[in-house]
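Two complexes are shown next, each including subunit A; its partner changes from subunit B in the first to subunit C in the second.
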Partner chain A sequence: MSYVDNAQASYEHAIERVPEGVRVYLPILPVMSLVGVFILYPIAQAIYSSFFDKDLLSPAEAEFVGLANYAEIWTSETIHQVLWNTFVWVAVGSIAAIVLGFLMGWLLYEKLPFTSVASAIVLIPWVLPRVVGASIWQFMFGGSQGIINELLVQLGVIDEYIVMLGSTDLSLWPPIVGMIWRLAPLFALLTLTSLQGIDEHLYEAARMDGATPWEQFRYITLPMMRYNLAIGFLLMLIYNIRNFSMVWVMTKGGPGVSSSTLPVMIYRTAFVDFNVGLASALSMLLFVVLLVFSYYYIQVYDKVQGEF
Partner chain B sequence: MTHLEVDGVTKVFGDPEKDGVVAVNDLSIDVPDGDFLVLLGPSGCGKTTTLRMIGGLEDPTEGEIRFDGTVVNDIKARNRDVAMVFQDFALYPHMTVRENLGFGLRREDNDMTDGEIDQRVTEVAEMLEIEELLNNKPAQLSGGQQQRVALGRAIIREPRLFLFDEPLANLDAQLRKTMRTEIDELQSQVGITSAYVTHNQEEAMTIADTIAILNDGKLQQLGTPDQVFNEPANLFVAQFVGSPDMNLYSGRVTDSGDDYAIETDDTSFEIPKALVETEIDTSDVLVGFRPQDLYQRAARLTEGPDVDAEVRVVEPVGTEAIVHAESESGDITAKIGGFHDLAAGDSLTFTIAPEHVYLFDAETEELIKGRLMAERAEDAPTNGVEV
Partner chain C sequence: MATDTQDPKSEFRKNQSWLYDTQSGTYVRKSLIGLLTLVVFTYVLFPLYWMVVTAFKTTAEIQQIPPTVFPEDPSLQGFRMVVMSSLQTSGYDAFFEQSFGWEISSAIDIDILTLILNSLKVAVGAGLIALVLGTGAAYVLSQREFRGKNAIMSLLLASLMFPGTAIMVPEWELISTLGLFNTHLALILIYGAMTSPFVVWLMKGFFDDFPDSIVEASRIDQCTPFETFWYVLVPMARNSLIASFIFAFLLAWNELVFALTLLDNSKFTVPPGLLTFVQGFNTQWNVVAAASIIISLPVLAGLAYIQQYFVQGLTGGAVKG
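And then the complex of A and B:
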C-alpha cells in the first residue's frame, strides 16, 4: 500500500468514528465558524451589552441595569424624534426612489436615442463611492455657495440663500434628496431588466386580443414585473433604513437630532456619547426591523424562484 | 367570415432609400372566404412578415391589405378582430388557462357578462378537451396542452381571420401530426378564413386549401397542394415541395417529329408531344424525376429512360424504402416498394413514365412540362406504358 492509500485509509477510519449527525456538518464548519465569529458573536455581544450601563471609555465598570436602556427608548423624546425621522427617511426616500427609478427604467427601455450611453450614466450615482456622492450633495446644498440655493433663488422659490443643512426644520431633507439620487438608478436598472425580461410576443398576443396600450401595461407589464418590483421595494427599504454615510457626511445628524436616523443615532450614542448600553439597545431595535424586512424579502424571493 | 386580399404589398425594413432590407416584394394573394392559405418558404422568405402585416403587427411599406374589400392598413391590430397563434404560444404566464382564454373576450367591446364569458370559456375548453386544466398556469402544462390553449384563445373570439405563425414548430414530431389534423378539422368546423405560416412543406401540403410559396420576399406560386406538387411554376418550387428531393439533370431537347427527344449524361428518351402543353423552344433543359415516380426497369415495361446506378444506401420506411444510388452523372434518389433485397453495391436500372418527367427551362428555370396526373395522362397516348 502506498503512503497516499494509507493516509486515505486512516482518514476513512477516523471519519467513521464521528457520529453521522455531526459528520454532515463538517464540510460547512469553516464557513460556519466565520459566521459565528463575525456575525453571531457580535449580535450576542450587542444583546448582552444592551442590558448594561456601559461606558465605552471604561467598559470594565459596566453595571447591569436590566431593561433600563429599553425603557429609555420608550420614554426619550429625542429618540422618538429620531424614530420619526427614520420613518420619514425610509418612507419618502423609498417611494420617491421607486417612482423616479421606475420612470427612468421605462425611459431606458423605450430605446430612445443614446440609450446605451444613458444607462451607463444613470448608474454613476450607484457606483460612486458613498462618501464622494454625499460630499457632492453637501457642497451643492451649502448655505453660502451652494448651487441649489442659487437655483431656488433664480426660480423665485426663495428670496435669499437658506442654510438648509443647519436648520432644524430642513436638515433632514437634503440627505433624503441625496439618497433618492443614489438609489433611484438601482431601481431603474431593476425596472429595465424586468421590462426586458418580458417576452415581446406577449404584447403582440395582447394586441391581437384587443388590448389597448394601457391594458397591456395593466395586465401584462405590471403583473409580469410584480415580484421584481416587490424585491426592489424591499431592497429600497433595507438600503434606506441602514444608510449612515449620506446623513453623516452631510449633517452628522444635526443640528441636534433634527436629521438623525437610527443608524446615525446608534453611532452617535456609541462613539460620541460613549453610551454603549443604549447604543446596543437601539441596535436591537434596528436589528428587529431589518429582520422583518429580510423575512419578507426572502419570502418574495422564494416566490420568484417557484414561479419561473 | 372574411375575404382576405393582399394587394401589391411590399415591406422594407430600415430605410428604403439606403440599406433597407426588402422582406416582402410586391406580393399579391387573394384568399376566398373560408379558405385555408398556407404561406410556405425557407427561413427569411418573408412569410412571417406577411402574416404579421395581415394581423397588423407590421405596417406594409407599400400596397394594400383588404378584409372584404375594406382597406385595413390603418386599422390597429387590436381593432382588426384577427386572432393569431404564435410559434412559442405566447400564453400569459401569470394567468390561469381560464384567464388566458377569457382575456380577449374581456377586451372586446361586447356586452358579455362574467357569467357569459365563463360559459364561453368552458365551451371552448370542452371543444379542445382542456376543461380539467382551466385553473392551471401555462407553466404547468405540456407543450401539446399549451398549444391547445393557444388555439382556444384564438377561436374563442370567433375572429374574422385566424393567423398561425409556425404553430407546430415547438412540438415533437408525433404531436405535430396530431395537432396538424386537429387544426385542419377545427378550421373546417368553424369555417374561418385562415393564413398559416410554415417552412415545412409536408405540413403545408397536408393542411392547405391553397399554398403560397415564397422565396426572397417574392411569390413563386399560388396554387392547390396538387398544383404545386405536379405543376411547380419553377425550379425553386419543384425543389422545395416534395420529399425526398427531386432528382435533377441537365439535358438537351431536340424535336423529332411526334416526340421530343431528351438527352442527359446518363440516358436518352422520348416524350410524346401530346404530353407537353406548350412548344419547347429551347434546347437546354433541366430534367426532373420525383423519387416516388422512379421504379426498377425490370418491374414494368416502359418507353421511359434507363438510368443505370449503383446502390449506396437503402433506408427502409415501412413498406417502402428510400434508395440512394449513384449514376454516371451524380446521385439519384428513389422511393419505391419492394426493395428489401437490395443492398449497398448492387447495380440496378431505374426508369420513369414520360408522364411523370418534369422539364424546366435551363435558363429561366420556369416549368416547361409538369407531372401529369393519372386522369390527364389517360387522355394522352401512353406509348404502351402502364400507368
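And then the complex of A and C:
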C-alpha cells in the first residue's frame, strides 16, 4: 500500500464519521476561517474601536467616547477637505480611466495588429508593482529634473519649471494622472475581451439592414457589453477609492492634506498621529462606501452568471 | 432604417456620413485615429520607456536640466550600485575582496537581495495557502448544491474588495494581539486570506466548465469524490492551478499597505523596501530605476504566462477571457 493509498484510507475513515449534511462544508471551512479571521473579524474590530479614544502605542488605556470620533469627522475641516479630495479623485480618475481604457480596448480590437502581444504590453502598467509605477511618476513629475515640466515648457503651457508635487494647489493631480495610467489598461483589457466576445454575424445582419457604424455601436456593441462595462466601472471605482500607494509614494498626502485621500488619511491618523479611534471611524466610512460598491458588483455578477 | 430596397448594399452606403463616404472623409478619419492611437499609447508606454532609459543613465546625466530623452552615455552604473549595495549590506563584500580581489563599496543603502528573498518567502507561502485551500473549496462549491452556498460565494466575492486600506488599522491590532507583529507569517496568512477567495472563483470557473461526462466516467469506475478530485480533476486543471498560484504570488509580491504597517525595516519585503529608498534623502533615480526593473522582472514573466487568464482572474471569473 503506497503512502497515498494509506493517507486516503485514513481520510475516508475519518470522513465517514462526519454527518452527511455537514460533510460538504468541510473543504470550505479552511478558506472561510482564514477569511473570517483576517478579513471579516478586523471589520468588526474597526466598528468597535471607532467608539473609543484609543492610542496606537497604548491600546490598553482606551476610553469609551461614544460617537465623538464620528462627530469629529462631521466637524473637522481637514477631514472635509480629504473627503472632497477623495470624491474628485474617484470621479475624475474613474471616468478618465474608463474613457481612455475603452478607447484603448477599441483601438486594440479594431485598428492595431498583433492584438495579443499589444494587449500584453498595454497591461504592464497594471501588473507592475504599485510602488514601481508610482516611483516612475514621482520621478517624472518631481523636482527640477522632471520630464513633465520640460514637456509642458516645450508645449508652451508654462514658461518655466514649476513645483507640482509640493504645491498645495496642484499636488492632488499628479497621483490621479498616475492612477489613470495604472487603471486604464485594465479597463482596456476588459473592453477588448468583451468586444472579442461579440458575434460578427450580428454586425453583418445590422449592416444588411443598413445600420450606420454609430447605430451598430449603439444598438449592438453597447448592449452586448453592458455587464462587462458595469463590472469594469465598479472595479474602477473600487480600485480608485481604496488606492493608497500612488498617493503615498508620490506626495505622502501632502503638503498638508492637499493630496490626501481617505486611505492615506486613515494611515496618517493611525500610524503618524497614533489616533486609532478616529482612524477606525474613517475606516468605517471607507468600508461603507466599499460595501455599497461591492453590493452592486455582486448584483451585476449574478446577472452575468444567470445569463451565460 | 430597413426598407424594401432590392440592394441592401446601396442602402447601407446611403446611410453613411461624410466621414465614411468621401475620400477626404476617409483621410480625416484615418489621421484622427492615428493621432488618437499615438497619444493614448504614448501615455501608457512613455513612463515604462522612461524607467528603462533612466536605469541606463549615469548619475551625472540624471541631474541634467533639461533631462535627456536618449541616454548620451549608456552605462550600467545604476545596476552595479544596486548589486554592490546589496552585497555590502548582506556582508558578502569581504568574501568578494578576498576571493576575487574586487573592491566592493557603495554610497547607497538598498539591500535588494534580502528584500527579494523576504518577498519570495511571503509570496510563495501565500500562493500555496491560497492554492491548497482555494481549490478544495472551489470543487465543492462547483459540484454540489447545499444550503448557504450563494451566501458563501457572495461573502468571498465581497471580501475581495475590502483588504488593504479599509482594514489596515484593525489588522494591525489583530496581528499585535496574536503576537505576530513583524513576522512574515502574519503577511503569509493575510495574503493567503486575501487571495484564496480569488482562487476559489477562478477554480470554480474551471470546474463549472469541466465536462460532466469525465466526472461521470470516474464515478462509474468507482472513484470516491476525493479520488475524482485528486486523480482526475487536479491533473487536468494544471494550467488553471498554475495561473491561480501566479495570481496569488503577484498580489503578495506587489502588496504595500500591510507590508508597510505590519513589518519593521529589518523584515521589509520589496514594496516597502523600495518605498523607503525612494523617499529617502537625496534619491538617486538611476539606482531606483535599476532596482525597479529588477523587481519587476518576475511580474512580467508571470504576466506572459497567465495573460489568457487575466480578465477572468481580475473579475473573479465574471468575464471569461
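Heads up, the rule we're going with is that the second predicted complex is superposed on the first by the 274 of 308 C-alpha atoms of A that agree within 3 Å, B and C clash if a C-alpha of one lies under 4 Å from a C-alpha of the other, contacts with A are read in each partner's own complex, and residues count from 1 in each chain.
The criterion applied here is as follows: contacts are C-beta pairs under 8 Å (C-beta built on N, C-alpha and C of every residue); 3 or more make two chains touch, one makes a residue touch a chain.
Bear in mind that the values here come from a model prediction, so they are computed numbers and not experimental data.
Undergrad: Which chain, subunit B or subunit C, ends up touching more residues of subunit A in the combined arrangement?
TA: C
Undergrad: Applying the document's definition of touch, where does A:A184 land relative to subunit B and subunit C: first, second, both, or neither?
TA: Only subunit C; A:A184 stays clear of subunit B.
Undergrad: In the overlaid three-chain picture, which partner chain does A:S194 touch, first (subunit B) or second (subunit C), both, or neither?
TA: second
Undergrad: Classify the contacts of A:E204 with the two partner chains as first (subunit B alone), second (subunit C alone), both, or neither.
TA: It touches subunit B, and subunit C stays clear.
Undergrad: Who does A:I176 touch here: subunit B (first), subunit C (second), both, or neither?
TA: Neither partner.
Undergrad: State whether A:M224 touches subunit B only (first), subunit C only (second), both chains, or neither.
TA: Touch partner of A:M224: subunit B, not subunit C.
Undergrad: What is the contact status of A:M164 with respect to subunit B (first) and subunit C (second): first, second, both, or neither?
TA: neither
Undergrad: Output check: A:T212 vs subunit B and subunit C. Expected answer is one of first, second, both, neither. What do you get?
TA: Once the two structures are laid over each other on A, A:T212 reaches both partners.
Undergrad: Based on the A-chain superposition described above, do subunit B and subunit C contact any of the same residues on subunit A, and if so which?
TA: Dual-contact residues (subunit A): 207-212, 215, 308.
Undergrad: Looking at the complex, which residues from subunit C come into contact with subunit A?
TA: Contact set of subunit C toward subunit A: 1-3, 8, 11-12, 14-17, 20, 33, 36-37, 40-41, 43-45, 47-48, 50-51, 54, 62-67, 69, 129, 133-134, 136-137, 139-141, 144, 146, 152, 154-159, 161-174, 176, 189-190, 192-194, 196-197, 200, 224, 226-227, 250, 253-254, 256-257, 261, 270-272, 274-275, 278-279, 285, 288-289, 292, 295-296, 299-300, 302-304, 307, 310-311, 314-316, 318-321.
Undergrad: What part of subunit B is in contact with subunit A in the complex they form?
TA: Subunit B residues touching subunit A: 55-57, 76-79, 81-84, 86, 88, 90-95, 103-104, 107-108, 139, 153, 157, 163.
Undergrad: How about subunit A: which of its residues touch subunit C in the complex?
TA: Residues in contact with subunit C: 8, 11-12, 15, 24-25, 27-28, 30-32, 34-35, 37-43, 45-46, 49, 56, 59, 100, 103-104, 107, 111-112, 116, 119-125, 127-133, 135-140, 144-147, 150, 153, 161, 181, 184-186, 189-190, 193-194, 197, 207-213, 215, 227-228, 231, 235, 238, 242-245, 248-249, 252, 262-263, 266-267, 270-271, 276, 279-280, 283, 286-287, 290-291, 293-294, 297-298, 300-301, 304-305, 308.
Undergrad: Can you list the residues on subunit A that touch subunit B in the complex?
TA: 199, 201-202, 204-212, 215, 219-220, 223-224, 226, 307-308
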